[in-house]
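There are two complexes below, and they share subunit A, which is joined by subunit B in the first and by subunit C in the second.
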Partner chain A sequence: MSVIFFLVAALTVAGGLAAVLFKNTVHCALAVTVAFAGLALLFLSLDAQFAGFAQVLVYIGAVAILVVFAILLTRGSETPQSGVFSKSWFTGLVIAAGIFAVLGWAVMQSAHALPQQAAAPAVTVHDIGVALVGRYVLPLEIVALLLTAATIGAVIVALHEKERTQ
Partner chain B sequence: MADKLDQIFILLRDWLIHFLPAALRPFAAVVLGVVAIVCVFPGLFALTTVFERKGLGRMQNRLGPNRVGPFGFFQPVADGIKSLTKEDIVPLSADAVVHFLAPLVLVVAVFMGFAVLPLGRNMVLVDMDAGLLFFFAMGASTEVSIFMAGWSSRNKYSILGAMRAIAQMISYEVPLLLSSVTVVMITGSLSLTKIVEAQNHYTGVFPNWYVFTPWGFASFLMFAIAATAETNRTPFDLPEGESELVAGYFTEYSGFKFALFFLGEYLGMFSISGLGATLFLGGWSAPFSFLTWVPSWIWFFSKDMAAIFIFIWMRGTLPRLRQDQLMNFAWKFVLPFTLLNLLVTALWRFMDGGWLRWVVCSAILAGAYVLMGRTGMARKNYGPRSYRYAE
Partner chain C sequence: MTGFASPLEAYLLVAALLFAIGLAGALTRRNAILVLIGIELMLNAANLNFIAFWRYGPHPEALTGMMFAIFSIAVAAAEAAVGLGLVISIYRHAKTTDLDQMNRMKG
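Moving on to the complex of A and B:
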C-alpha cells in the first residue's frame, strides 16, 4: 500500500513539476495530464472509485484536451523569447507555499479535532448517486443551471462574432 | 456437459493455477485473464482485417487479397512480418518522445476497456461497481494519444487530422454517454455484469433485451451512430480521410508504430461493439430461451462480430460526410434526440407496466424523429434530385 502510494505520489509531483518547468507549452499541457492521471490513481488507491474515474473522464478526457486546444488555437507552442518564468515568480512561490502550509496545517489538525473513526466508511457509487439526487439535489441543480448559463454564454459569444463579419 | 462447456475457460484457469502455491493464486488468475485478453483480441483483429478486405472487395466487384495461403487468409501474417521488418521512420523535426509515446498510450488505454466487459457468464476480468464509468474514462483518454500523435509529427496533415478527430470525438462522446445513461436509469447500476443479468430472462421464448423497448431501440440507434463516430469509421472517417489528409494523425508513422495505431483502432471497434452488445443486446445471453445451452461466450463474440460486420458493410456502402454535416448532425439531431430519450426513459420507468407505456413512449419518440427530420430537411430547401453527367 505505502509503496504504491509513494510511487504514485512521485509520479504526480513529477508531472506537476514538469508542467511548470518545461519550455514548450504543449509539453507542459501533457505533463499536467500525467499529474491528473497520478491524482486519479491516488483516488483509486484510496478505494474512491467514483472520484478516480470521474477524474480521468473529466480532467484527462476533457480539461487536458481543452487546454491543448486553447494553446494550439491561440499562439502556438513555440517557446517565448523571454523564458517561461514570469518576473514575479518569487511572489508566486511564497503565496503557493503559504497556501500549502495552511492546508497542511488544517489536515494535520483535523486528526485531533475529529474523533478517530474505527474503519473507513464503504461508500459505493450507488450511495453517491442516491445522495446526489436525494439530499444534495439543490446544489446539483444550481451547478447544472450555472453550466447551462455558461454554455449559452459561450454560444452567444460565438454568434456575435459571426454577425459582425457578415 | 453444456455447463462445463460454458465455463470451460474458467475451469481451465482454475486448473492451471492450482499448481501454484495458494498465496500466488489470485495474482496468477488475474495474469491469466490479462494474457487471454491480450491474445484473443489481436487475433480477432488479424482475422477481421482479412475479412474486411475480402468483404470490401466483394462489395466493390474485385477479389481482395488472394495471394498468401488459401484464398489469401494468411495475409495478416504477411502484413505482420512486413510491419515488423519495415524501417521505423521518425521525421527529423518531430518531437521524438511524444511521437514514440502516442501509439503506446492509445493501445494501453484501449486494452484497459476490455477489463470490465463481461465476455461470458463469470468471464469478466474485474467486476467493478462502476464498470461503465471506467470504460468511458478509458475511452476518453484515447483522445490525448491522438492529439499527441498529430501534434508531435509536425506535419500539417497530421495536426489537421488530430484536430478533426478530437473535435469529432468530443462532439459524439456526449450522445454516447447520454444514450448509455438510459440503461443505467432502468437497471439502477453502473456494473456491466448487473446490466447483463437484468436482461438475461425471457418472456416466452423471446429475451428481455433493452433493444426491444422503445427507449432502448432509440438509445441503441444513437449509441451505434456515436460509436461509429468515436471509432472514426466510415461515414465518420474524416480524421483520416485518405483523399484529403493522406492518413490524418498517423501520416508520419511507419512500421510497427503504424501497426499499433491500426490495432488500436480495431480494438476500439471491438470494445465499443462489445459495450453496445452488453448494454442493449443482452451481452452474453442467448437470443431465444431454447438456445441457452450454447456457451455464453459464443453469444458474446457472435454479437461482437455481427457489429463488426455492420461496420464493414457501412464502410462499403456510405460516402464520407463533410465536416459541417458531421457537426450539425451531432449537435442538432443526435444530441437533442438523446436528451428527449432520457425523458422518455424516465417516463417508462415511472409509468405502470402494460400496453399504455409502450404506445406513449413509442409515439413520443417516433413523433420527435419525424418532426426533427422534416424540419431539418425543410430548412435545407432541397428540390427534386437532378443529375449532371460529364460531357
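Moving on to the complex of A and C:
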C-alpha cells in the first residue's frame, strides 16, 4: 500500500463518478476513459503487465472510441430538456448504495481471512502465449468465434432497415 | 501506514466502489449509451477483483486467474460492440436514445 495506489484509486473512482454524473454525454465518454486508464494503472501495480496493456488497447483504444462514435451517430451529445437522470433515479441510487454497503461489509468482515501472498506470481508474456495456444487453445478459439460473430452481428444490427429488406 | 489488514482488502474496496458507481449509472441514466458505460464499469470492477485475487491469492497454477481476466476483457469488448450497434439501430427506428421513452415492444 503506497501513496501511488491511493492516487491511482482516487483517479479511477473520480473518473467513474464523473462518467456517471456529467450532463454532457461526450464528457462522460472522456471521463470513463480516465477510469479505464486508472484501472490499467491498477493492473500494472498488481504486477499484471499483460492485462494492463490489454486493458489500454481494448478499453481505451477500442471501447472508448466506439462509445464516442455511437454518441456522434445518435446525437447523444445534446443534453435533453427533461434532465439526464431517469424518473426512477432514486430507486436506482438506493439499490446501488445497498449493494455497495453489502459488498463493503463483506470485504471488511473477511479482511483478516484474505490471502496475502507476498511474492508476485511469476508469469511472463511468453508463458501466457504458450498457455494460450496450449492448454487454453479451445477457449481462445471460442473467443475468436465470439468476436467474429459479434462483429458481424453488430454490423447487421446497425445496417439501414431498407438495405436489410432488399 | 494504513488501516487495511491486507493490500487485497484495499483493491477489493476500490472494485466494490467502482461496481456500485457503474450500477448507479446503469440504473439512473436516461441515455442508453451511458447505461452501457455503467455496465462496462461494472465489468471492469469484476476484472480488478480477478487480477487482485490472482496477485495476492495462493497460486499453484500461476496462469489461471490472469487467463480468466484476459478472456473477460475480450468478451466485454464483444458485448460493447453489439450493445452500441443495438443503440444505433434503435436510434434509427425511434429517433431517440432516451430509455424512458422506449416503452413499446412493437416497432
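One rule holds for everything that comes next: the second predicted complex is superposed on the first by the 126 of 166 C-alpha atoms of A that agree within 3 Å, B and C clash if a C-alpha of one lies under 4 Å from a C-alpha of the other, contacts with A are read in each partner's own complex, and residues count from 1 in each chain.
Keep this in mind: contacts are C-beta pairs under 8 Å (C-beta built on N, C-alpha and C of every residue); 3 or more make two chains touch, one makes a residue touch a chain.
Here the structure is a predicted model, which means the values were calculated and not measured.
Peer 1: Report for A:50: first if it touches subunit B alone, second if subunit C alone, otherwise both or neither.
Peer 2: both
Peer 1: I want to verify the contact counts: of subunit B and subunit C, which reaches more residues of subunit A?
Peer 2: More residues of subunit A are touched by C.
Peer 1: Using the superposition on chain A described above, determine whether A:99 touches subunit B (first), subunit C (second), both, or neither.
Peer 2: So A:99 only meets subunit C here.
Peer 1: Given the touch rule stated above, what does A:62 touch, subunit B (first), subunit C (second), both, or neither?
Peer 2: both
Peer 1: Indicate the residue numbers of subunit A shared between its subunit B interface and its subunit C interface, in ascending order.
Peer 2: After superposing on chain A, subunit A residues 50, 54, 62, 69 contact both subunit B and subunit C.
Peer 1: Inside the complex, what are the residues of subunit C that reach subunit A?
Peer 2: Residue list for subunit C touching subunit A: 1-2, 4-14, 16-31, 33-34, 36-38, 40-41, 44, 47-48, 51-59, 62-63, 66-67, 69-71, 73-82, 84-89, 91-93, 97-100.
Peer 1: Which bits of subunit A are touching subunit C when the two form their complex?
Peer 2: 1, 5, 9, 12-13, 16-17, 19-20, 25, 28-29, 32, 35-36, 39, 42-43, 46-48, 50-51, 54-55, 58-59, 62-63, 66-67, 69-71, 73-74, 76, 80, 82-89, 91-93, 95-97, 99-100, 103-104, 107-108, 111-112, 114-117, 120-123, 127-128, 131-132, 136, 139, 143, 146-147, 149-151, 153-155, 157-158, 160-161
Peer 1: Given the complex with subunit B, which residues does subunit A contribute to the contact?
Peer 2: Within the complex, subunit A contacts subunit B at residues 26-27, 30, 33, 49-50, 53-54, 56-57, 60-62, 64-65, 68-69, 72, 77, 124-126.
Peer 1: Using the touch definition from the top, list the residues of subunit B that touch subunit A in their complex.
Peer 2: Touching subunit A from subunit B are residues 98, 128-130, 133-134, 136-141, 143-144, 147-148, 151, 159, 163, 166, 170, 173, 188-190.
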